[in-house]
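Notes follow once the structure below has been shown.
Just so it is clear, A, B, C and D label the chains in written order, and each chain counts residues from 1 on its own.
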Amino acid sequence: MKTAILKIECADRPGLIAEITNFVFQNRGNIVNLDQHTDKKFEKFFMRFEWEIENFLIEKKNLKTEFTKFFQQKKIAAQWEIFFSWKKMKAAIFVSKTEHCLFDLLLRVQKNELPIEIAGILSNHKILQKVAENFGIKFFYVPVPPAEKKLAEKAQLEILQKIGADFVILARYMQILSADFVKNFRNKIINIHHSFLPAFKGANPYRRAYDRGVKIIGATAHFVTKDLDCGPIISQNIAKISHRENVEDLIARGCDTERTTLSAAVKLFAHHRIFVCGGRTIVL
Amino acid sequence: MKTAILKIECADRPGLIAEITNFVFQNRGNIVNLDQHTDKKFEKFFMRFEWEIENFLIEKKNLKTEFTKFFQQKKIAAQWEIFFSWKKMKAAIFVSKTEHCLFDLLLRVQKNELPIEIAGILSNHKILQKVAENFGIKFFYVPVPPAEKKLAEKAQLEILQKIGADFVILARYMQILSADFVKNFRNKIINIHHSFLPAFKGANPYRRAYDRGVKIIGATAHFVTKDLDCGPIISQNIAKISHRENVEDLIARGCDTERTTLSAAVKLFAHHRIFVCGGRTIVL
Amino acid sequence: MKTAILKIECADRPGLIAEITNFVFQNRGNIVNLDQHTDKKFEKFFMRFEWEIENFLIEKKNLKTEFTKFFQQKKIAAQWEIFFSWKKMKAAIFVSKTEHCLFDLLLRVQKNELPIEIAGILSNHKILQKVAENFGIKFFYVPVPPAEKKLAEKAQLEILQKIGADFVILARYMQILSADFVKNFRNKIINIHHSFLPAFKGANPYRRAYDRGVKIIGATAHFVTKDLDCGPIISQNIAKISHRENVEDLIARGCDTERTTLSAAVKLFAHHRIFVCGGRTIVL
Amino acid sequence: MKTAILKIECADRPGLIAEITNFVFQNRGNIVNLDQHTDKKFEKFFMRFEWEIENFLIEKKNLKTEFTKFFQQKKIAAQWEIFFSWKKMKAAIFVSKTEHCLFDLLLRVQKNELPIEIAGILSNHKILQKVAENFGIKFFYVPVPPAEKKLAEKAQLEILQKIGADFVILARYMQILSADFVKNFRNKIINIHHSFLPAFKGANPYRRAYDRGVKIIGATAHFVTKDLDCGPIISQNIAKISHRENVEDLIARGCDTERTTLSAAVKLFAHHRIFVCGGRTIVL
């Protein structure tokens, strides 16, 4: 079933659902699912819906123009985007030395469980090059010496452009990206942090979780912003632990939580379900 | 904020969302939330939405007539109902001797966490009469001797009518209701079964869970149908257990799962979120 | 089955389990369960075991003397305590205005699920007096005006002594206890904090969890130390949330997590299972 | 740290812990952890403990003889086994066409998270041969035509013997093993079943879970016995689902639950933690 997906956010006012769905209906689009949310505090309206496009009266190439006209006519000042269900988002995966999240993503893509195309794997180490090759994915080695981070980020951005990456997945990439870099992919860089944020921001979260004696550890997938581990949270998961588990055990246990949390976030992104409002995500 | 809620189910066809939301919009209703679902197998459309009714052009007393006209005009052969957010559903709670689910419901209602009115408590034992009185709820003692179940059910139905019960909660009521009784409250009797259905239907689920050596126990809230423990499932929860826990421990642990599962189901019902399709629930 | 329970902690060295269990065996004690743990970092040994005491050769009144002799003879410089399974720990419950944790404890004690005796309920408000009376528990109203906190704590300590409280449960008591007060009940005051510590220490955790946009909320039961919300964690639980839930919803949802977490911690304490080592709990 | 592990089960009687730990202590073994359990119904005692073996007075090669003598002398009629922490159990993995559980095991072994040696992969299909080769594991293709199952099992048993497999992991192997085959590996064949047993035994559990409308799906790792999906349960996990997920979604979601459940069970087995008593597992 070929469908188009509309993601829209705008100031809230009565009639938005009716007007927009009516426009689709008038053009013979059959809406197969729809979800919306209104943020009371910010008085903003968010909606995502999907319609069968086969008999849609507006041609694909004219969608953008016609929807633009419609929104103008109805005086809806919205941010909106249209996606097609058969067109996969292109991901660039950044890794360092740790493989569990990378493997997880590769296997899920291979099984068609994650509707993304992996356009390339970038790393500051060569360790995972072999893995990339086994799966037939392009691997880019971009060393990041502390003194030359700026240059490295320039090289990374060029690669991202060359391979046409729509978004970036930090699959346990142990480097901090600069605010400048992040600006290029606003709400389009997904990081997995190995703690239950906002607890244990920054380095060595498992060590610190052990020292604090928590009974539950977690993982958090979030959009990267200029402030470390402070971006909008997309998904979180936890695992119960006991006093018998040492830091190494927590690290091993945490791998499971990290990979399921990261791939869940990537899946939501790939299906165009994530909106950001006031530092929080709305997942429709 | 005063709102009206429309629950509707009908055969699926294009334009339903647009037409219905448009009708509300034309009458100056501001939709504050909407969720819908299409069951592909049964080709059925389900929708629940809520709109601010203060400035709605149709008067409350005319809502039924006007919506009926609208659906006829649009040739939508639907089952639908309208509720008002300020009008609480009236529950009758059936109990036997066990108090934990009853207490849980009473406390949640008292805290305004569950928007229902408890119209009465019915029991085949007098044990929980005191609890009912402490909370100022009418208590009806209806003994159910095996030989006179039919009579007992007649008495129960009369009480339900007298107190104006919209729905029934079986809060660990240990009697099986007859098909005849159930017919009177189709998809309006919520039972809590103390197992993870369909495992351990019927009596003594904790004993059987122990004997089977499961590592997880559960609880299931479901609508009652004529077939024991086979009705549409509304909510389920689980608790992890270990070999150290004996049957009594499971019973104690299970209480927590039962009461959260039952009250979650009652909450969904009270908010008019549950539809039934092909023996499954759709929760919007 | 009447049993005695030995809790012991000491510097680790070979032979501890053998020597101690042998002493019990020599005196015809049948050990029914035993758990131990060695903390590598602190080189400390922790053990808890339970033995049938009916035919034990040492009389109950001589247990302390004989075990003391034994430990001296074996040169085991330990902290240890002996409890009897039929002797319930006496709890004092501190509350303010919120009832859900109090009700939960009262109901579990009433059902014999929590082997404690509630010696009294202390509160800085009169709101929950009625609840205490319904359950036949002594209620002590001790107002805590900011300027006279010291006096109030003196009054509280006198009550605790008078009612013979072995430990204190802060069941959503909204006051901070002074370091002086805490000193009197070292690792014997259990607090429930309504967040997933160490995230959201201090006031308004649900509000802050909402603002941060977390996808999971939690509750933490911990021993109270002089540093707010920093004591050893006993138990933690979580609940998944979505963008649809506002602060009020989180508060309501959190109640369930709080009460199960608190009562789980109290249960472990009542069974003499909790040790503290380096700011972490060991639960045997 | 080099340790030996003793697993023992026998009829319960007083003094067992003391006598056995004392024997280890007398021979200068330092016990680093110990767990035990008594099954009241079957009056059986189970214990697993681990001791540092470096300075143990009994040489490794004499352990079996000396412990046998000791148990005879003390009149302890036990089933017992000794393992060494550095000696990995050898696993044979049976697969059909599905790769997610296999990959999971391979990656965990590669990361040293699972202390087993994969001695070989056996399959009735050639599909996963490449995966085995990528990880440098021997692959044995053993077709199982319905009419020649007996012959196939003979071939499988010969391979297992040749590669020295200590135990067998059925990683979504879609064939039913005969009672004769199972007899050779009593409580040494671990299967992953893709449902929350005892619900949905047999074929197509996700389809049946969907049809029943459950709100939670699960996976169960268990020892294989002659009765299909009825063996002692080792570990179980669940995932919450909604009405939006169709059978394919459940299958995809279930993969995560299956692989974590299976590897958890294999880990417990690899650490010699699992006992079986009355069809239930005791995990020490």
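What to note about this one:
Criterion: a contact is a pair of C-beta atoms (placed from the backbone, for glycine too) under 8 Å apart; a residue touches a chain by one contact, two chains touch by 3 or more.
Every value quoted in this text rests on a predicted model; they were computed, and no experiment measured them.
Contact count check for A-B and B-D (C-beta pairs in contact): higher for B-D.
Among the remaining chains, C is positioned farthest from chain A, on the basis of C-alpha centroids. Remark: chain A and chain B have CA centroids separated by 37 Å (rounded to whole angstrom).
Centroid to centroid, with C-alpha atoms defining each point, chain B and chain D lie 42 Å apart.
Looking at chain D, one finds that residues 37 touch two or more other chains. Residues 99-100, 103, 107, 111, 113, 134, 252, 255-256, 260 of chain A are the ones touching chain D in the complex. Interface of chain A with chain C (complex): residues 37, 40, 196-200, 211-216, 218, 232-238, 242-244, 246, 278-283.
The touching residues of chain A, counted against chain B in their complex, run 14-15, 17-19, 21-22, 24-26, 28-38.
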